[in-house]
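There are two complexes below, and they share subunit A, which is joined by subunit B in the first and by subunit C in the second.
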Partner chain A sequence: MLIISVALGLASTGADEHVLAGARLFREGRWAEALVEFRVAERLGSTAARGYAGATLVKLGRPEEAVEAFEGPGGPPAGRDALLDYHHAQACWNARLYTCADRLLAGVGERSGPRVAGEAARARAAIAKLLSTEPKPDSVDWYLARCEETARAGRQVLARAYCSEAKALGGRRQDRRGVAEAEAKLSRLAAGREGL
Partner chain B sequence: MMVSLSLAAALALAAAPDPCGPVEPAARPDPGIAAVYRVVGDSERAAGSMEAAAAAYRAALSHDPRDADARAGLEAVCARRHELAFAEGLRLMHEGDRRGAIAAFERARGGPDATSAALLEGICLYELGDDARAAPLLRAAEADAAHRENAGFFLGLIALRAGRSADAQDLLAMSAADPALAPFARDLARSARRSGRLVLSFVAESGWDSNVDLAPDIPGPTSRISDMLGAMTGVVDVRPLGESGPYLRGIGNWREQRTYDALDMRSVGAAAGWQGGRSGHFWLAEYGYDRRDLARAPYMSAHRLFGTARVQLGPTTSAGVSWLTRFETFEPDVDADYSGTRHVAEADVVWSPWLRTVVAAGWHGGRDLARAATLSWWEQGPRLSFRFEAAPRTRVGVDSVLAWRRYDEVDPSIGTRRSDAVFDVAALVEVDLADRWTLRGSLALRRETSTSPEFTFTKVVPMVGIGYTVGLF
Partner chain C sequence: MKRIALVAAAAASLAMPALAADGDMESDAVKAAHAALADRAEPFAMPPTLPDAASDRAKDVSFGQQGARKKADAARKAQDEAGKQGKDSAKDADVDAANRAAQGAATSAAGAANADSHAAAGQARAAAVRDGTPSPPPGKGH
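This part shows the complex of A and B:
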């Protein structure tokens, strides 16, 4: 399905052949080689390759890097391609960013084929079960700490994702634990300050 | 676009090249694009993704074989690829992804940890039930002194599973040289001596029956008779292809009451069946025939069909279903109305929370279509059993079954339609005295309550015995 998505989304740039080669390798399950082709296409100016690289990183078991690919500069806007949104949601899920995954899966719905729609529905049900009880204080603190660590490592996109998750989870608690702290960190991240 | 789609389809099953094999030159070399591939390779290498880095450096070299930095990068990555593949295999194995681990160990086998990778790949294959692929890998690992005992242990398990008891005994005895494996290896070697393609077993028991004639608990004209008894049972089990495949079984049982000769019993039975799969994941279909004499006169004969299937739900849990149909014929005229067809079905879940401990819970249902409707019944109820190793060589088990039984029609002889509850509980202790000798003690209790008081009774049967089991071939 990715190859069709790729072919339909291609603009005619010099990077196209690398995007198509990446899509072919992706379909063959040769994830590492596919990633290389998408990365080369990105460097040659492809605007589509970053999302496909994100999907490939999910397959390679590198969810945090996938989140960065999807949510960083040049990443595909959510809502434009249901299949990429589904891979993005998988990246969020694997990175333990459950509210992020849920938000994306909610938009996947009928826009995708029946198989993906079914899997999205099952994943949403699993997330609903996970989030059915009030998040534990330790959970919120874990996301805040991860936000801090990734920001210190210069991974602003990932830091923003973890702080947003902390804010969302804290907001589900009666005492709104960590919400103010997460908002403050997000503001500093938006202002472009690397350290928090 | 169509060309690309067709190409993708045609190449869908193409295999990935060896990431460290010779590099084929590109049809249209392009040093400019080679530099981009090299930068991507450097970036992937920095991210710790050696596989992607190798792919990028290879693409760079295919476009520019003189790119010394790309060549150096590829050599650096390839120097570590086996080590990385081995680490990946270990990680996947610990995560329970056996298939992923097998693929990673396969890649690691070309490197310095070749025999370790072969051992672990063999273990993963054994755990997936692929003994044919596991055995050569384990034999390769066995050649390395560092892995001899571990590999021998798993080769012993494979031999045990295939019913090659003599091989299993030798391999497991050899692997017991490793102190960490010794307790398991010795236990399994003992099991090996009791298993094989031909297994003979014999049990002699003696005990006491508190209520031989099933006299009711209420005082009445029937007096309760207790009696001593002795019993012997012999079983022959033939499995020419090991655990999985066809099998034949014969069983003979002799029971002698000390004073109540009417219940002296002889029975013989034979069964032929086929099992597919092994251990916690199998199906089995069987035909059998049983014949029983009481007081030296023919009493009952039965043809039976039995089928069961079990699937592994997780590393410690399995679920099973079974069905038994018996076509029973009672010979004495007075018992002829009991003749008919009996069906029993059961579903259960078996859980092994820790080594040598098994808990099983199930529900069964039965239907006896006797010739006389007054003797026909439906029944259903739970079953619970528990087994554990209380001490080395000592096993303890408890089985309990409750059945609520409802008869079809009013029995004119008692003026009511019977509805019974039958509760059986049996406790068993087995102590292995030697490799093939086992001391057994059991206590069986039956409590049956009925809407008709004359069918409400209790009986207790304690027994002690000794068993001998030998596996041949």
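This part shows the complex of A and C:
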């Protein structure tokens, strides 16, 4: 037991060094190197590193992978950390998952400081404007198609995100286009049936 | 049995400060990461637009053209950079080897998603070193 604790302690110390290095590189805008550090920290057992890796993937212009990092197993739970939620919302936004972004930004508020809170409020206002008119049927279909493509590629987390978006957008239409289909796909994803 | 307990207690007394220190360090690491996240929290790209199949096809075409143009630019820059290095070291070097290194660097730089001229120059320098071509001192040619 003691040996395990000591071993865990040592591994954790190593992980923290990588988190620190990743933080420094992130601040300097050296995204690719920061990502490597956070990934190493994650492998060494840092529970926080996955969220930081997600934020770094957003900076690298890889929003879908960022969504997977944030929402996959071991990702930071939404609502616990306002700053991580902000970066998670950016991942969703850049992957055009706007209702996902809006949900996260709703909880950001002043907890993250006035500047970030201001940006969150501006982003939410833009989403509200975007969704003030009924989404086009083509848009709902786009999300359903993306859900299917990603599920086929074995990217279940991403497939769930796209199907949830299709469901949310379809629900804003009078004819509820795609809602039933999205729900059926989400059930199949929850049951672990990959191909949909 | 007593001996085991004694050894365990001794080991525990050695391990506890390390674990406590680790706790402090973890919070330092997390604090540093949070400070970096706050520092680098940027505005959202405006305006948000919902995708649809037609607009996506149009975007794919235009992104494809832009991407090809960027790749060509990166390759050209990389070749220029590497070419300069080849000239600088020409008196001792096999120029053909330098050109081959430059070509390789340019090709891989163009293929890399985040390629830029600095990365390509770095790759060219590395390739030149591998090929036994003397390279200019760091910073030269930038």
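The rule we apply is simple: the second predicted complex is superposed on the first by the 183 of 196 C-alpha atoms of A that agree within 3 Å, B and C clash if a C-alpha of one lies under 4 Å from a C-alpha of the other, contacts with A are read in each partner's own complex, and residues count from 1 in each chain.
Keep this in mind: a contact is a pair of C-beta atoms (placed from the backbone, for glycine too) under 8 Å apart; a residue touches a chain by one contact, two chains touch by 3 or more.
None of the values given here were measured: they were computed from a predicted structure.
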| item | value |
| --- | --- |
| Partner chain(s) touched by A:R27 [first = subunit B, second = subunit C, both, neither] | both |
| Which superposed partner A:R152 touches (first subunit B, second subunit C, both, neither) | neither |
| Partner chain in contact with A:R43 - subunit B first, subunit C second, else both or neither | first |
| Partner chain in contact with A:L35 - subunit B first, subunit C second, else both or neither | first |
| More subunit A residues in contact [subunit B versus subunit C] | C |
| Which of subunit B and subunit C A:L60 touches, first, second, both or neither | both |
| Which of subunit B and subunit C A:S112 touches, first, second, both or neither | second |
| Partner chain(s) touched by A:R176 [first = subunit B, second = subunit C, both, neither] | neither |
| First, second, both or neither for A:L83, with subunit B first and subunit C second | second |
| Residues on subunit A lying within both footprints (that of subunit B and that of subunit C) | 10, 20, 23-24, 27, 32, 60 |
| List of subunit A residues in touch with subunit B within their complex | 3-4, 7, 10, 20, 23-24, 27-28, 30, 32-33, 35-36, 39-40, 43-44, 60, 62, 65 |
| Sites on subunit A touched by subunit C in the complex | 2, 5-6, 9-10, 12-13, 16-17, 19-20, 22-24, 26-27, 29, 32, 46, 48, 52, 55, 59-60, 81, 83-84, 86-87, 89-90, 93-94, 96, 98, 101, 112-113, 115-116, 119, 122-123, 126-127, 130, 135-136, 138-139, 141-143, 145, 169 |
| Residues of subunit B defined as touching subunit A within the complex | 1, 4-5, 7-8, 11-14, 16, 19, 33, 36-37, 39-41, 43-44, 47, 49, 51-52, 54-56, 59 |
| Residues on subunit C engaged by subunit A in the complex (per definition of touch) | 8, 11-12, 15, 18-19, 22, 25-26, 28-30, 32-54, 56, 114 |
